[in-house]
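Chain IDs A, B, C, D and E follow the sequence of writing; residue 1 opens each chain.
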Amino acid sequence: MEYILIKTLEAMATFVLAFIVGMTYGGVVRKITGRAHNRLGPPWYQNFIDAFKLLSKTRGIHHGAMHFLGAAFLMVTSVVSLMIIPVLAPGGDAWYNSWFTNMNFNGDLIFLIYIMTFGPLGMAMGAGQTGNPNSSIGVTRGLSQMVGFEIPWVMALVALMITYKTTSVVDFMNIQRETGTWLMFANPFAFIAAVLAMLGMFRYSPFDIVGAPTELASGPVSENGGKFLFTMMSSGSVFTFAKLVLYVDLFMGGANNLVMLVVKTFLLYMIPVLYGIVSPRYRTEQAVRWFWGWPTFIGLLAILYAVIF
Amino acid sequence: MKEIKDKMIAQINAAFPEAVNKAYDGNRLDFTVHKDAIPGFLSHMKDQLGFRHLSHIAYVDWIEENEFELVYLLWSPTDKVKLFVHTRIDRENPVMHNIDMIWRQANTYQREIKEMLGIDFPDMVAPDEFILEDWDDIPPFRRDFDTLEYVNRTFWHRPGREDAQDVRETISKRSGEEIPDFAKKYSR
Amino acid sequence: MVGTPVLFIAIPLLAAFLIPLIGMVWKESVRIIPGLVLAYLLVLAINLLSYVTVNGPIVEVIAGWAPPIGINLVFNAFSGFLVTIMVFMGLLVWLYSYRFKSNVEYEAARKYFLLLMMLVTGSVGIVLTGDIFNMFVFIEITGISGYALTAFYTGRDSAEASFKYLMMGSIASVLLLLAIMIIYSQLGTLNMADVASKMHLMDPKLKAVSFILFVIALGIEAEVFPLNGWAPDAYAEAPGPVGAAFAGIVVKAAVYALIRYTYTIFDLSGAFNLLIIIGLITLVVAEVAAIRQEKLKRMLAYSSIGQMGLVLVSFGIGTKEGVFAALFIMLNHAIIKPLLFFSGSYLVYHSKKKMISDVDGMGKLAPLTSILFTLGAFAIVGLPPFAGFWSKLSFLMAAADSNMLLIIGLILTVSVVELVYYMRVVNRIFFFKRATHLLARRPTFNAYVVMIVLGLMILGIGFYPDSVSNYLHHAANSLFDKSQYIHSVLTATIQ
Amino acid sequence: MYNDKNSKKIVETIQNWARSHSVWVLAYGTGCGAIEIAPTMTSRYDAERLGFRGAATPRQADVMLITGYLTVKTVKRVVRVYEQMQSPKYVVGFGSCTINGGMYYDSYNTINLLDRYLPVDVYINGCMPRPEAVIAGLAKLQQIIREGKANGAEKYLENLEWYKENQRKIAPNWIAKAPDLNW
Amino acid sequence: MLTLILLLFLGGAIVTWLGGKLSPVVGDLLFLATIIIPAGMFFTGVPVGEVTHLHALGLTLTWGLTPLSYLFSMIVVGLGILLAIYAVPFMKGKQKTGAFYFNFTLSVMSMLGILASKDWVSFFIFWEIMTWSSYLMVILNGKEVQRVGIKYFIFSAIGAYAMLMAMVVMNSQLHSFLLADTFNNFQHLTTGNQILIPILLLVAFGVKSAMMPLHVWAPDAYSNAPMAYTGLFSGALSKMGIYGMVLVMVTMINQLPEGTLIRDIIAWIGGFTAAAATLWAITQDDGKKLLAWSSVGQMGYIIVGVAIGTPLAMLAALFLVVIHAMFKGSLFMVVGAIEKQTGTTDFKEVNGLIRKMPWTFISALISVIALAGIPPLAGFVSKWMLYEALIQNNNYILVILLFFASTAGFLYCYKFLHGYFLGQEEPEWAHVKEAPVAMVIPMLLLALGTFVLGTYPQLLFKPIDAALQYVGYDATGGRLWGESLLFSQWGDVVTLQPILYVVLAVFVFFALFLWFKGTKGTRYVSTKDISTSGELPKEWENLTFKVNFMQPFERAIEPFLKRQVDKYYTAFGNGMEALFEFTRRIYTGNGQTYAIYAVLFLALLLLFRVNLFG
């Protein structure tokens, strides 16, 4: 019982960490985007203010039970992904390390792939019940894009799996610690394919076809405000952090302490962000086909590389 | 251009002897037709003489003569000639023939005319309200519609704008024009 | 023993002559007498059949001349089995057509029943006789009554069909006589057993020629491709029960003759292959033609031809299992095809053109008839648990035992075609909207009885095939026991 | 403790501060003034540094900018959008047309006084107001939010009957037909 | 006992049919009794291993249950009972109720018969009864009878005849029709037959399990049958193909030297089936069609699992067999309920039913999550095992294909839910009420079943393990699965219970948070009140996004969608018909021609006399 209690507390700590880091990243991204536009941009803590403001809205509407459940589903995905991915490497030396390696159930990758789709689908239900056509259009675009980037992403993961004969993130981290080589160097093609898939996963330009503010009025979230938008915002932040940590764990050997974690994740995060700042938007079918083009080819190379070496 | 126009006038006169031509310079043709002849006339123009495009339907309220005037502006892309077709409608019984089966865009103009001038077009597609929603006064583009009175009745004025004057008297004083009586009565 | 085989020929022939005579006195007797006769014959046939399965074949010598000089009738398990089927079919056809033309005219009924008795006589004679020339005579009797029955509806189409039948029949007669001549000139005898025992003496070339003549002559009667052009017309134009009688009685007799020549009389090695080849071609062409038919009866007729092709292939396998399967198919065909003809002709009763499309939506108007037709259709394409399945299975087993994989494949492919056209009709019956305003005709009580009896037999054989397999086995064995056949005939004495 | 007046007040203060620094703008381009929003939000004047940010739908927005004259037809849409927004919500009127009708004061189909139909928190004068003026107006809005005086939504609810009556005056049928948006 | 049960079904079918003529209520009651009583007897009275012998035509028909068939018979009987309960209110007021009950009962009987058959003859007999009873169901509503029905029957017949051929060939060489004999003595066959027979049998079973080039009947047939039957059709009937395939794969292909190749080919066919059917499902605008294609796709997964044939893959496949029966049965019931309540199943017509049919929605939601393979529901268990098995068996590209199919599957999952339940609530459907209780409870039960099995899969793994041991695998318990545990040979572990608890905890926490945070300030608004830029939609305006729902994706896969197997079959069929027409013209109807035929035939035979008779 005590064990479970401690675990729960540690999980909450992880959640808080993810929330803070994710939100900060969001603000920093807005700042960077602003600077790239030759503006001052909002302060880095702007996202926290926004979230708090959303939370303190006094009135709101809902369109039915699914509207609530959709947001809850979304949160499930973020939190469960976070619980499964080891935030810090198990062998780290910092005193707080044990807080963040918890509840990872060995971090099975196939499980991760599926639980990561749980939220978007639930969210899609919520979006559907609002009856707003823009929401549904956004959802179909998002799902289509997911089919697109899932292929190179899974290819990269399969390439890793067949090299090291495991599907567990923890094992991958142990392997990297033991061999001392990051997997992004051990199988560069897999890393490239995964990074290309990541462009779609984070939904920055040119793959921001889900929200598409000018044409879809922010898509699936268009009927959500106040607490719903707050939930989605924090879920998005946590989920962003979780995905980044997953990439770091898989390809960059994980992080031994929080500083390294922040550095690594931030560097990785800059790839889609910076690419997005200078890109216009694809149409959906272009995006899907783009993912089935070079990224898939590189994914195939990754598998070949894994099979041959 | 002159030859083309003459040829066209001849053709139109041959087909519609009752249509009255009025001479204009440039590439403009001008005919006045009785309102019942309008659909036949226009479709003839469209099919036989190459006036494939309806640019606009202009409308005038001749309150003094107790008539409305509609002007159909046609354009021939091949001959580069524009054709003005005038027709007059009785103001007391404003009903006009519908031509949106000849040009679909005529529907939009007719809806506008119906709303703004109150001319009815029977059998028109989608005769819904168009620009003025929930309008329950007389059509606003009729010259007997008093805008200021309507505004005073419907909206409010911010205090401090009572000095707003009718500028026409100033203008007429400056330019020495006479304001006709009927204009004083009906419109500002 | 309750009777002798000669009764099978004598009684119906006598009845045929008596019908017009007694009919002068008592008109209803025209309808009743054939029934009584056929019922008696059926009882007799069953009795004799159970006798011969135990005691061996009965050889009846006629007119006091012992074989090989005299004419003899052979009732063994094989021929007896066929006779039983045929008599049974005759009885059903009679029952079905008992009210035939009842309220129209007496003359037509008299002719009809007379010709029916003649048809039965001839067919049963073909099966029972042990003499080649005698067989020719019976074939002629069958043929002539068949022509007349085809032309029964005195219309242009019927006449044309009948004429085609007559023409082909004449060709058959000529060739048959030619073949008989060759045999007689070579061997000096026409007794089947005698011919069979002396066959090795014959010039091989003439032997082959005479066999080919037999094949073609009997093939015309047995509806073998390409000699069966008359059959669809005759089936389509003849009255409904007559079509059933052709399928159930006449064709069986002709096939019997063909088999008797192939198995017992001639000892040609290639004969079996010939059977397989012509059987396969007949099957394929008939089924393919059937799928494109627009008239119901023609479709059934082509299907019937196809079944005969299958029977020939099965006989052509040349093993006991093959003969067993062939007999089983014949038995099933004799049960199912009349059911299809009977119910089918009621489904399109009021229609002028008898098109397949006229059955649309009949399932609601005439549910029982439709269900019986469906039962027949399911059974004939070999869907379990109905009768047709067991015959198809035994055929396939026989073919597989002889390692004829290609033939199995071909026949199964053709079965798909067969299935398609039967299912199209079934679909139309139950699931189409009625397009015409024609009403359904309610079958007569007798017809109901006949169809239900047939339907129950289909179900009975389907659920309990052992009920008939014993007879089938005996029949198949007796066909193979050539020496016993010759011995029993040649040693027969006048009783 | 939660119901304690002081703690409530503290929470209120923090909330107002957050609200004032995170204002999501629904730029409803009703008139010519919409052209001034683009420079206001983008590089030159950059309202995002003050916490202003575009919102795509009324559900997410905090403040509605009425950028210029409102025809009768438009005002119905504006009212509907305003009612779809979620409290606390604010309205900013752009230009003289929203104040007193401006040059369209005698037009038969543009309203003269916006505050008869919606509670307006801040007016920005000018025809049109330049982006500097817009920024100044938005800053003023931030200030009154922070002070807790931007209570337009409550005003609207309190005087709902009055507002509705005014709206019904210009659009009698429409208000009757509308679904239950009013609260 | 088995004989009695089968006879009860058969007799019950007829009695139900006749009873239905008397009064509908009698028919309903008899129908329920006919299904439930023998089903109950089946579960209580038939031990695995008991053998019954019957004799027909010199052949011995042997009936008895094996652990493998017991697994499948659980599907048949369970689904049969639930669907029977569902069918009674579903068929109320419809025509041809009698025919429906009759064929339904016969289908259940024939499937049990197939599973109980220990010899090929009775296997084939029941197989064919199943075929024609399901055929009569497919065309029961009288729509597109000739096209859909005949297509189904042709393919079924091809499959059945392939099986018939295989079994007679085996019998001719091995002199036994017993399944066990043919499997054990498979080596005694000639080499050619060793290849031929498995291929024929795979064709036979492939047709029923809708394997790729043989699948064209399935979408039409599934969607054309009454929805109360389609659950059985897709859930149980197509699984008979899988049952046969398991037998063939394990017993025959394993003994072949070329076995690996055949396995790989079948696995790839299964993968393509899964992917292509999924893409087709996405393009459908009718719920029935969508689910039908989805069923074909799911069968593809199962075929992959069976073809790979490692213990893990077999576990996954058999688990998916049961799970698929559950969630697809539930989904077809959902569609049936919607059809019953609204009269249409077209996404473009009906929408916004979530508040009107909440229980139906809940079962649809759970089933769809299971279908999509999302944890913590049961679909995930099979997906996980299947992928692990594929990766560990070095089928790398195939696993990508399946991942693609699975991800694309989310699209149609969402399309299904959105199509019926979400979107604008139109006044046109304001009258719609929740389906009758008897329809809701079966679908809810099935949906909850997937929920339970998602966390406690060992409930199902135990019988599957018994079945696998029966066909010759080692025991897998503790090695590949444990109490709420999944293992793979690489040592990967998924612990299901903590996942469920975490998911539930987070879900409940945030749902409650959203619910209680500012409850007073949050109110319900109708779907008409959405941000439409202030425009008030007219009454006749339907804002729901339904037409061209997946158009962007369809554009992306356009090159694929141009190629349809169906077209090739249709072209082939038309060509055959033309050929038949040509052949038919041999019968000219002219007597002279026939006479010439006779003469020519005579000449021909005389000519080839020497070749024929030597």
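Heads up, the rule we're going with is that a contact is a pair of C-beta atoms (placed from the backbone, for glycine too) under 8 Å apart; a residue touches a chain by one contact, two chains touch by 3 or more.
This one's a predicted model, so the numbers in the text were calculated from it and none came from an experiment.
Listing every chain that touches subunit A and subunit C alike gives E. Contact analysis places A-E first among chain pairs (by count of C-beta pairs in contact). A centroid comparison over C-alpha atoms places D as the chain most distant from subunit C. Subunit C has its Cα centroid 92 Å from the Cα centroid of subunit B.
Chain geometry summary: the mean Cα position of subunit D and that of subunit E are 58 Å apart.
Chain centres here are Cα averages; for subunit B and subunit E they lie 69 Å apart.
Averaging Cα coordinates per chain places subunit C and subunit D 97 Å apart. In subunit B, no residue touches at least two other chains.
For subunit D, residues that reach two or more other chains under the stated contact definition are 57, 59, 76, 87, 174, 183.
Residues of subunit E found to touch two or more other chains are 521, 523, 525-526, 528-529, 531. Screening every pair of chains for touch gives A-D, A-E, B-D, C-E, D-E. The touching residues of subunit A, counted against subunit E in their complex, run 55, 57-66, 68-69, 71-73, 75-76, 79-80, 83, 103, 105-106, 108, 110-111, 113-115, 117-118, 121, 124-125, 128-133, 136-137, 139-141, 143-144, 146-148, 150-151, 154-155, 158, 161-162, 165-168, 217, 222-223, 226-228, 231, 283-285, 288-289, 292, 299, 303, 307. Residues 28, 57-59, 76-78, 80-81, 84, 87, 174, 177-181, 183 of subunit D are the ones that touch subunit E when the two sit in their complex. Of all residues in subunit E, only 352, 354-355, 358, 365, 369, 372-375, 380, 383-384, 387-388, 391-392, 394, 396-397, 399-400, 403-404, 407-408, 410-411, 413-415, 417-418, 421-425, 488, 490-495, 498-499, 502-503, 506-507, 510-511, 513-515, 517-518, 521-531, 543-545, 549-550, 552-553, 555-556 touch subunit A in the complex they form.
Within the complex formed with subunit C, the residues of subunit E that make contact are 55-58, 121, 124-126, 128-129, 131-132, 135, 139-140, 142, 145-146, 149-150, 153-154, 157-158, 161-162, 164-165, 168-169, 171-172, 196, 577, 579-581, 583-584, 586-589, 591, 593-595, 597-602, 605-606, 609, 611-614. If you check the complex, the residues on subunit B that touch subunit D are 131-134, 136, 140, 145, 147-148, 150-151, 154-158, 160-161, 164.
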